[in-house]
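Pasting the structures here.
Each of the next two complexes has chain A plus one other chain: chain B in the first, chain C in the second.
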Partner chain A sequence: MKYGGWLIAGVLLAALLVTPQLPFSNNKILTILIQLFIVAAMASSWNILAGFAGQVNLGHAAFFGLGALTTRLMWLDGYPLALSFVAGGLVAALFALAIGFPALRLRGIYFAIGTLALAEALNETVSNILPGNSALPGPQLVSYELPSRYYLALGVVLVVVAVAYWLTQARLGLGMMSVRENEAAAQAIGINAFRHKLWAFIISAFLAGITGSAFAYFHVSYYYQHTFTPLWTFDAVLVTFVGGVGTVAGPILGAIFFVVIRDVLATNLTNFHQVIFGVLFILVVLILPGGFLELWDRLRVRMTNSK
Partner chain B sequence: MLHISRIDVAYGDLQVLWDVSLEVGPKSVVAMVGPNGAGKTTTLRAVMGLLRPAQGRITFMGQDITQTPTHEIVNMGLCLVPEWRGTFSTLTVLENLELGAFPKAARAKKTESMQRVFEIFPILAERQSQRAGTLSGGQRQMLAIGRALMLQPKLLILDEPSLGLAPLIVDDIFKVIKQISTEGISILVVEQNVNMALEIAQYAYVIETGRIVQHDTGAKLLTDERVRSAYMGI
Partner chain C sequence: MLLEVRQLTKSFGGLLALSNVSFTVEKGDVVGLIGPNGSGKSTAFNIMAGTFPPTSGQVLLEGKDITGLPAHQVSARGIARSFQLVRPFLHLTALQNVMAGRMYGHEPVASTHQAKTEAMAILAFIGLAEKNQTKAGSLTVMERKWLELGRALATRPKLLLLDEFMAGLTPTEVNAAMSLIGEFKEQGITVIVVEHIVKAVMNLSNHVIVLNAGTKIAEGSPQEVSRDPHVIKAYLGERYAAH
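After this line comes the complex of A and B, so read on.
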């Protein structure tokens, strides 16, 4: 990354760190930012498996849901938050490890369908076993405040982005990208394609799991099943593609755009943001396969050429 | 060093190889020639463990590799450059080469191998930060061979290195193949460009409809009546 990129990232991070302390900061701003962090972390974690390793997982919500469920149950049961939080990620990662062995033998569209089916099965199971909603009990409700939720969610998105960035620099990430580019060729030069896909799956699932944990800590009351609904997957997919699949900054950019549009429109036209995002998704796939980041690249090339 | 002994290979119910045997000795160039659909690529896929033979045995350096996973076979020093080249188009030339040195044994010698590849293919050094997808066909073939050399293989297998390349480029590629072989790397080359292949090969096999029908030294096959009429239109 160039000097300018680090500078922008540093300023942005400093601003996000002090936001809860600022005089004009209020619960609405914090809530929107927390939602932004969760969407960005979901998209970025999905991107690790799909964008880097080339495996389109349409069951990403399952890992988010497992992380949220684990953390919520443990935390409300009296376990320390930190432990419940890590456990959320670990349960999601273990689930990925278990289903990875059969699922990653499937290629392309079959992997996508397989993961979608698994996630839906889990979704149905959870809605049958835990049909009710989970509300914070009295003591937690009394001590509830937003800044700690804000910092946890911010921490999660920073971890996810840091891991994604590290992968672009590391051997493991380069191996994943070779599998995305051409699995047979990767194998022919001695890369263990299955192991790289499995690592990408486990890392992606762990990160989605702790994102779910942040969600579970954030919400006062929600239906258990809500975190397992496929919308979590599809939001992550849309956001990633609109921002730029296979890049570090793309999912973040897409998430900012998504949350802003959703918030602006939700106040006026309920759920209309989905129509806008759907249309945008189609446009991006057709004319801008690299997402917003490609637009930026093209502009930069044009600018340097015209000089 | 590579012994293929009497393998049968089938895709499902469809058998495509019958009783194929082939041998590559140390420091030699061996060619396998034959028409489209004869089973050349299938033989190579079986050697690399991408397909499993129903019958027969394949050994490399005295070790049975008939059931060994592909990446382990590669680790042993046997590397295939596929006919579709399989360079990673959105990655840079440098990244492609780095991936070539992925197996543990090759990793330690990465800088040294890279230097050697750049000596053999100066164009790759010039283009190292360019994406592989933007290279020409000939450059991509050089990159594919260069990437295989990053592994410092004992045996390099080339599947149709001349495919889709201009005649001048084909000459260049074959010169490089010869050069590589003088450096002590054995080469198994599969070709439809029979003339070229037989010229550089010490020994060659002719495969037709899944069977080895003839094998002899490259020089003898070049003058063989049957081979000349069937493959060179003479």
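After this line comes the complex of A and C, so read on.
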């Protein structure tokens, strides 16, 4: 990353860290930012498997849901938050490990369909076993405040982005991208394609799991099934493609754009953001496969050339 | 003996692509594997490289049986290959392509920094140093071929399988490729080349194996093979033999 990129990231991080302390900060702003962190973390974690390792997982919501469910049940049962939080990630990662062995033998569209089917089966199961609502009990409700939720969600998105960035610099990430580019050629230079896909799946699932954990700590009341609905997957997919698939900054950019449209501009028009994002998604797929990030790169090249 | 292939047979459904082919390769050899289209050359490479197992027969590398090992394990044992239809990592830079080879394969390095330094040296060796930050997808078809060779070399192979590497190269590039392959011997790399440019094969190789319709019909020095009446009839044709 170039010097300017680090500078922007540093200033942004400092601003995000002090936001809850600022005089104009209020619950509305914090809530929107928490939602931004969750969408960004979901997109960025999805991107690790799809964008880096080339495996399109249409069941990403399952890992978010498992993380949320685990954390919520443990935390409300009296376990320390830290333990409940990590457990959420681990349960999601273990589920990825278990289904990865059969699912990652499937190629391309079959993997996408397989993961979608598994996640839907889980979604159905949860709605049958836990049809009800999960509301915070009295004591937790009394002590409820947003800044701690805000910092946990911020911590999660920072971890996700740090892992994604690390992968772009590490041998493991280079191996994953080689597999994405051409599996046979990757195998021919000694890369165990299956193992790299499995690692990407486990890492991606763990990160989606702790994102779910942050959601479970944040929300006062929600239906258990809500965290398993496929919308969590589809939002992550759209956001990643619109921002720039296979990059570190792309999912973050896409998430900012998404939340601005959904929670700031279109609050009165239910589901309007989905229409906008659906159209953008199609445009990106058709004319700008690199997403916003590519648009930015092209503009920069044009600007430097015209100097 | 570096490589021994014993009675290799491969059938695809009813089609017998290779039938009882045996040969050996000594360390430091440049072996030419020739034969008409469809005679089983790429199939032999695919079996040696672990792309798929043979129907029967064995592949031994330095006396150890590697038959049926998956491709990534064969690479770790020291066999690298180029594909007849090149397969560079198109969205990765030239440097990343070669680094991937350097960090996996046979004798990989663990440090990204060291891999980068060594990959730059390999890019210089194949004449792509200036393009190290160019995505492989923006390289010309020829440059992609060289890049794929660089990526294979980066795995530090004992044995390199080159499948029609020279196809489509200009005469100048063919000469460049030939002098490059000539240098492999000093680096301790043994090579098997599949080529249709007969003159190049005969100049490069110290040993030639001829396949026809999945069977080995001749082998020996380039001189012996080019005089063999079976080879002339099946592949070389009267014109080449007259020289």
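Keep in mind that, in the parts below, the second predicted complex is superposed on the first by the 305 of 307 C-alpha atoms of A that agree within 3 Å, B and C clash if a C-alpha of one lies under 4 Å from a C-alpha of the other, contacts with A are read in each partner's own complex, and residues count from 1 in each chain.
Criterion: a contact is a pair of C-beta atoms (placed from the backbone, for glycine too) under 8 Å apart; a residue touches a chain by one contact, two chains touch by 3 or more.
Everything numeric here is computed off the predicted structure, so don't read it as measured data.
Chemist: After the match on chain A, would you call chain B and chain C a fit or a clash?
Modeler: clash
Chemist: What is the contact status of A:S178 with respect to chain B (first) and chain C (second): first, second, both, or neither?
Modeler: both
Chemist: Touch test for A:L288: chain B only (first), chain C only (second), both, or neither?
Modeler: Neither partner.
Chemist: Please work out whether A:I191 is in contact with chain B alone, chain C alone, both, or neither, and reply first, second, both or neither.
Modeler: It touches chain B and chain C both.
Chemist: Should A:L90 be classified as contacting the first partner (chain B), the second (chain C), both, or neither?
Modeler: Neither chain B nor chain C is touched by A:L90.
Chemist: Which of the two partners, first being chain B and second being chain C, lies in contact with A:Q169: first, second, both, or neither?
Modeler: second
Chemist: Which chain A residues lie in the overlap of the chain B contact set and the chain C contact set?
Modeler: Shared contact residues on chain A: 171, 174-175, 177-178, 181-182, 184-193, 246.
Chemist: For the complex, give me every residue of chain C touching chain A.
Modeler: For chain C paired with chain A, touching residues are 49-51, 70-72, 75-76, 80-81, 83, 87-92, 96, 99-101, 103-106, 108, 110, 112, 115, 148, 151-152, 154-155.
Chemist: Can you check the complex and tell me which residues of chain B touch chain A?
Modeler: That would be residues 48, 50, 69-71, 74-75, 79-82, 84-91, 95, 98-100, 102-103, 106, 147-148, 151 of chain B.
Chemist: For chain A, which residues count as touching chain C in their complex?
Modeler: Touch list, chain A to chain C: 169-171, 174-175, 177-178, 180-182, 184-193, 246.
Chemist: Per the contact definition, I'd like the list of chain A residues that touch chain B in the complex.
Modeler: 171, 174-175, 177-178, 181-182, 184-193, 246
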